[in-house]
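The following pair of complexes shares a single chain, chain A, combined with chain B in the former and chain C in the latter.
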Partner chain A sequence: MTLGEPRRWVGHALPRKEENRLLRGRGKFADDIKLRDMLYLRFIRSPYAHANILSIDVSAAEAVPGVICTLTGAEIVPLTQPFIEIGPDPFAKIKDYPLAVSKARYQGEPVVAVVATSPAIADDAAEVVQIEYEALDPLGDGEQALQDKSLLHEEAGTNRVWNGVFEYGDVDRAFKDAAYIVNIDRLHFHRFSSTPLENNVVIAEWNPKDERIYYSCNNSFPSFAIQFLAAHLNVHIDRIRVETSDIGGSFGIKITSYPQMAVCALASKKAGRPIKWVETRSEHMTSSAHGNERTFRDTRVALAKDGVITAITSRHIDDCGAYPRYEPLGCVIWSQVFPGVYRFKNARIDFMQAVTNKCPVGPNRGYSRMQHLWFLERVVDICAHELGIAPDEMRLRNYVRPEEFPYTTPNGCVYDSGNYPKMLQVAKDLIGWDEWKKKQAAARKEGRLLGIGIGTTLDSGTNNFGQSQIVNPGLPYSGNSQGANCKLDIYGEVVVAVGSCPQGQGHETTAAQVVADVLNIHPDLVTVRTGFDTERNVHTGFSGTYASQFAVSGLSAVHGAAQKLKAEMKRLAAFTLQTKEDDLEFSMGAQGPEVRARGNGKSINYWGLANLVNANTAALPPELYEVTLNCRYIWRAPFKVPDKQKKYGNLTLTYASQLHICVVEVDRETFIPRILDYGAVDDCGTVINPPIVEGQVYGATAHGIGAALMENCVYDAVGNMLTSTFSDYTPITAVNMPAVKYGHIETPSPHSYSGAKGMGEGGAAPIHTISAALQDALFASGIVIADSFNNADSLFRAMVAKEIGQAQKLVRVERRV
Partner chain B sequence: MPDAVETIPIRLKVNGKSHSLTVEPRLLLVELLREHLDLTGTHVGCDTTYCGACTVLINGAAVKSCTVFAVQADGAEILTVEGLETDGQLHPIQRAFAECYGLQCGYCTPGLMLATHQLLARNKRPDEKAIRKAIAGNTCRCTGYQNIIKAIQAAARNMDGVQQRSSV
Partner chain C sequence: MYPRAFHYHRAGSLKEAVAMLSQLGGEAKLLAGGQSLIPLMKLRFANPGHLIDLNFISGTSFIKEEDGRLRFGAMTRHAEIEDSSAAKKIPILHDCAAGIADVQVRNRGTIGGSLAEADPSGDWATVLMTLHTELHCLGNQGERTVPIEEFIKDAYTTALAHDELVREITVRKPSPNSGGAYLAFKRCAPVYPTASAAVQLTMEGETCREARIVLGCVGLTPIRAKQAESALRGAAVNEKSVSAAVEAARTASDPQPDMRGSAEYKHTLVGALVKRAIDVARRRALGEKVELSHIYA
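Then we have the complex of A and B:
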């Protein structure tokens, strides 16, 4: 399929429309907004990971001059419904309120809100709120929580949020026929967060005059938030208006700010004035959202004699923190990439999710898929090393082959396009693979620990929300949609609105490129509305910016709206210019963009067209009354509801792929792992704006490298979060980030109108790649890389454990040939 | 409970404009800029002097304004992102960030441009290592720094060229 029009703008490096305001300090971020009579809210948060709340005394706080009111969990229970639970019983029975009611379940959980006339007064008052706790033993680990010796949510009667077995093919037969069976006892994917630089911000006004709730905020999935908020606050969904403007990054994390949005609305109602809440960084670290932590137990891998994997069985335990919230969607979202980039047909994954006394998780860049992709990359890599097959050769033997696309996975997903062997070659060329192999051999002779690792991964984009029914058959979601509106305004300006919620991805620019190609005008003549606004009436139930989909869902909606507008303009111009529609051309005239009749040479500019519809309507014949030049288009993804019992069906529309290679050296004295070379190859099909795509690749690569080596949400034995500031969490900086060599290939998707595949999350390729490089560096020392987070400390411990003979044997190989 | 809050008079010049204000001693410089002077281009990202989103120039030195009290800036000349352009014309650093796609969400960008300003005032042709070191205190979560480094190199070229031309 093609665009249907010449691509003068799509595919080219158009400078971003966003830069003008952002570079001048004129961006409008949520915290930049002030409202008349605005008040400021502070949360008082639980210092304990798990505790009964015995008493709360807010009297001293309320006596502080400038304090308007306080709010407690007990107060909001009669005013609200508990938040919707996405999962089925028994976890649907839990009562999730945005302030702790009788029990706190993680360190940092909000317990009381204080509202004052200034942030400083709110801080002062927060100091004198008296809360008496009875500390309980915390559950810090998913496997431990699953034993149900104590419970987080008594209503559920278990800590197990969800359990499902994903089984395909003939697993038993594959193991019977295997030449080798590799057993891997335990692998662990750590908790981290991509920590957007701008914290969560909510401004809420429950307006007493019209009884509507107005939000200005930086939530990144507002259509999801309003569905939760309307049910929770007992209001008609149209009573909630959400606006976002510039957003300082989200990476998925800001999807989960709706509990704070609820508290701000309730506080505004109580105070009768607008409320602003600006999250501190420590609040963000302890209590916004983390990425899912996952443990992989008892993995068995069946292989043929040549190293081709024939089957995998494993037990996966996902730790979602104290409240499921957006979960348990993650319990099925990983299966979008069930076999990763590999051809094996037989597998059985027993997937479980548990609550623990830690920060609730949320969709974090690479959400739920990256954990699984890392697992598969570890499996392939460990098997390669154990069987003595070169890791690159091992991958080539197991990759889905270029001629097999579109490729149907064992669980019914359709990989639209790709060419993994070619990407491997491009990546090898980028870093100079053969040279590094020689250097590695020389380094090893000197006793140096130098490893080269490959990570191949997928960025599945545009979800089929029907997969939620695999988690809970009662859910009313399926398919996917996005809305856009394209209009000629009264004076003929081209104005576009779309239901996305950008945070730096350049949507204003790429949307303008698409419209410019449809109308054959310069993108500067296309105004794209900034941010999201429910009042624009372009959102659907899935609108927002998440899950690598704007290039497909967002731009398809924009393209559809622009085509609809063009068709209307043609009808109108054909009438005015007294010609046939196919005689018309869209071009630039002396008075700006116009529609011209080739035959008689007559033309009408955009103002003339808009005027006929808006202001000079007596000239319009009744048969053209349906022309509005204000065209709303809803794009819908062509999905079916998956088979819920068999857990089978297509779960995402596009599969962008990434192949990274990295060279790492572990210092023999300090155990500091240092990246010596790094290559990243991306395939997101047809590229809309090359530098924007390249920028997304660099950004995702930095998040992955940071997560692999520096960024870890650490809790101590009693549930204190030890990395609650940036100084402790250490987000990756310019001195830790290596120069990345970028390459790309394009395998256009047959599933999107433009051939583009959603991208941006990047599949956490660096985590897989660095684990593989460390494995290559340390295999000869007897070390198995079994954790996604590795730093000097963990590598030192692993090496010492090996040297003193206390290392656990994690891998066992059964050889039948 | 605090006692009645004392306030202190201060005078400072921000982007060439003089201000006299009376502030609480605990008021941070970044709060003064954002809340009292409505210069919201300076951002807060971490509260602990790590991320540098709040970087401004105080008497020409790049400083994290979340870690300076407003009263400490008494008598100082401050440059914020809003003061980089001249008569609507972008500063060469701003132009370079635009040309090199050196920003995505734009939240860290004001601080990074001011850190760059200090670097290029001290070192006209910094190599990559010097650039990385100069922005080590400025966290960017979107770009992976790659295009920021290109932008700083381009800014150095632009500014060096301008200076060479103007000195001829």
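Then we have the complex of A and C:
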């Protein structure tokens, strides 16, 4: 250890190992890869949201010079099984194929694939494919779809994907005893997406010699994808190899790229050559995946005289688009944060999910929890404003208290640690709360519309997959796991491999920090094999990068593997150095990292240890033959299977929390909302690498501000997606970002070896915070913020046209005191 | 995202480009900065059979100040105008150039290309209509001069014949007691404005002698709000005259609903932008240095 180096690397602001490659433009992304004789695939997509496919004529396309083949839905049906449905019957009866078979169910659904020797030729050929459609009326809204007047999937006999009641405590009693009951007619969480810099890319090669399928792609949950692909393609799962390299963002959206992966494999089989498909931005916007849209109906909130919420009942209707794909997992995943950050014990949520003629949803950052957390934050703010309680005071009265951790929620989830009142104080200090309150009072006197809003959220990480049994008791999944391998190579190099596929989260760096601490070496001496590869044999059934968990599942696996390696190194070193294992120390020697005997001063470096196992084996006694210096470790989360009937159990291992405060002003003439100040406080337990955490917080904050004010997936009445380009969707850019003030507290998690909690999704805190601030600005004008998306136009329609958000129409308060 | 196959021609002079246009007919398109045409070709919304590249012709990109006029070569990039000290003397020109899209677009896009494209949401036509602007167009029959008001005919339609191109744009410098401002609301930098307002006022003390008010993105072409101009012309610029002008501007606007906003909202927004642009134009006319940038979401 040289001067100036930290004693421990975990917690240190180590610059990212990935930076050198990525910032110089030397990363390797899926589209950088070319295979010999590779062909290019183009999808022809449905222009209709809902239509029968009457005929398809590919003859003109196949006649274009350079076109190798085409593929249609009818052609692949006899070759494949419909995709697995996660949910139960009757919706499991639907037939989901990666190309529309007799009916298209959303605008942008793939109908035909064209394969050619160049992307430009594939585009030319796509223009001459003749498809005759018979347009059908589309279902654009989840509530409308639930009436089942027309069906998307006739096989299911309903548009209802899933329905379940989550009831805990004594709801009726709480309402009987309530001092106030606040009724909220309708709240709506809008549909938006993640727009990663890199779109979906698939390279597939179906090798006719050994019937193996090779994928190079940027799917972010490959161990999930291969389970779907193997069953669909009728091949053994071990015959599918998936490799990922650098990935330019996923945010969960790339989890559900398996249908496109399936088409590429089938096209490769037909063409006998490897296939590459690179998604265009418009394709990404219309047909990769969107986030879940959710409507909250007939909400009733019981409150005590002091504003303490005692019960909530509500009906939630989730719109999952045309095919459930990852759904209906979202129908239970929201309940990981059932009461949010609040103490109420009694609640009944009737949750249902419907299909509509829109792009299928995927687990978009903050997946399913953010919709619910937004709902709870709206409930808290609307109750506070209606009852005349300050929103910060309202929260303090209802937050789970610091001394109550670990806190068991009404549905059995265990919040590991946290301190919400302290976060509120830190956030207030960041923006200068008292000053802003004074400025707000002065501004209001001038007639200005200035609001201050708080958003408190949770980022639950490391799922208990046993919760899938709540949506479908027949599923064979529970718990969670991650694999890692740590070895000394033949020449003594420390090499770590993990089953994750990072998309900017810095896994190479944090994994190296963990190993460096175990072996007491510099992280530069640790090589991290990044990216996913099924043939590396480190993945488990849950491997991938999603759902805020690497700091817990990934690094626990790395830590376990490194400790296993260290134990083997000790056995070897104790033999070689003729000493006891507890006499050994790991340190840096003149010839690299070494193991040294304190007693006799003898040492052996890593090359020496590796050599004993690999190339100097005659010197090794047989009792040490089991030492391989190649250690695989599977980390398993300490979960139990939840009670399926009661919908009760611990659904996630760690609960990172975020508290944001925002000051916003709505211009009285232009109705443009402007953020005047923004504070973001994060608590993800023990921080492993501060700049990586801070970067994730900025990213999640930008994403959330974009979602709150700019980004909305809009469909017209006939199901055309109106926001299929960046000109219309306008993802947030630097000019739209306020200067974000970052703060953090650390409440170490008792549930992870390091005290760290998974983070990165960020609970969509800005959406809740901006909704709260806008309502604070406009409540005196009789407006409640009832939608998660608000821009100048919608604020104009609320304030001038009085079309939306009118409190008198949406909210009714029953006062019993 | 690949255009249909096309023939590429590199013109050596503007005259040669005109000759090529004549010869190749309706399938030929000129390539200036390419910031509209190339994306449209990649989306296959535009499918020209021939592309005539103007980027390698020397002497087509310049900013010259002479005889009380500013002369812009048609191939002058927005960024060159943004950085030009001559153009900064007419603040409304700088407002416009500096606010077009993002740096990448400004580095490639040209003033002539933008005017010839005549996108209803383009910035230059809106701004140049507040000034005395002429376009010098070169065709087979020689050159002719067209005032900007006559150049823009309709959405995506100009006075240019098929075998004609814009060679130069000249703008008469306003008098020292004249000032202008161009203000837009844009959701983010790369997109077209939701609405924009260009105002040029000539002041004598607090009295407005001459006014030009042009509205952008709220009609098929930039709209000169003549009633709004009348409300200010000869009047003191005060709350009363300004609100009359704002009201008249709102009435003159004819916006379409799209993802940028509802028609009703754009009506309201364009009024608010006119009000602010009047304020800045007035102050600039009175000699005050006022920094102005667009409003972003």
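The rule is simple: the second predicted complex is superposed on the first by the 802 of 817 C-alpha atoms of A that agree within 3 Å, B and C clash if a C-alpha of one lies under 4 Å from a C-alpha of the other, contacts with A are read in each partner's own complex, and residues count from 1 in each chain.
We adopt the following convention: a contact is a pair of C-beta atoms (placed from the backbone, for glycine too) under 8 Å apart; a residue touches a chain by one contact, two chains touch by 3 or more.
Quick caveat: nothing in here was measured; it's all calculated off a predicted structure.
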Chain B versus chain C as contact partner of A:Thr280, first or second or both or neither: both
Chain B versus chain C as contact partner of A:Phe671, first or second or both or neither: second
Contacts of A:Tyr215 with chain B and chain C, given as first, second, both or neither: neither
Chain B versus chain C as contact partner of A:Tyr133, first or second or both or neither: neither
Touched partner set for A:Phe726, first chain B, second chain C, both or neither: both
Partner chain(s) touched by A:Tyr415 [first = chain B, second = chain C, both, neither]: neither
Partner chain(s) touched by A:Tyr606 [first = chain B, second = chain C, both, neither]: neither
A:Thr195 touches, of chain B and chain C: first, second, both or neither? first
Which superposed partner A:Thr701 touches (first chain B, second chain C, both, neither): first
Common interface residues of chain A - those touching chain B in one complex and chain C in the other: 120, 124, 280, 282, 726-727, 731, 733, 735
Interface residues, chain C side, partner chain A - complex: 1-2, 4-5, 43-44, 185, 187-192, 194, 258-259, 261-262, 264-265, 268-269, 271-273, 275, 295-297
Chain B-touching residues of chain A, taken from the complex the two chains share: 15-16, 18-19, 22-27, 29, 31-32, 60, 64, 120, 124, 128, 194-199, 246-249, 251, 278, 280-282, 503-506, 691-692, 694-696, 698-703, 725-727, 731, 733-735, 737, 739-740, 742
Residue numbers on chain A that touch chain C, as the complex places them: 119-120, 123-124, 127, 280, 282, 667, 669-672, 709-710, 714, 722-723, 726-733, 735-736, 791-793, 796-797, 800-801
Residues of chain B touching chain A in the complex: 1-2, 24, 26, 34, 39-51, 53, 80-82, 84-85, 90, 94, 97-99, 101, 103-110, 113, 128, 131-133, 135-149
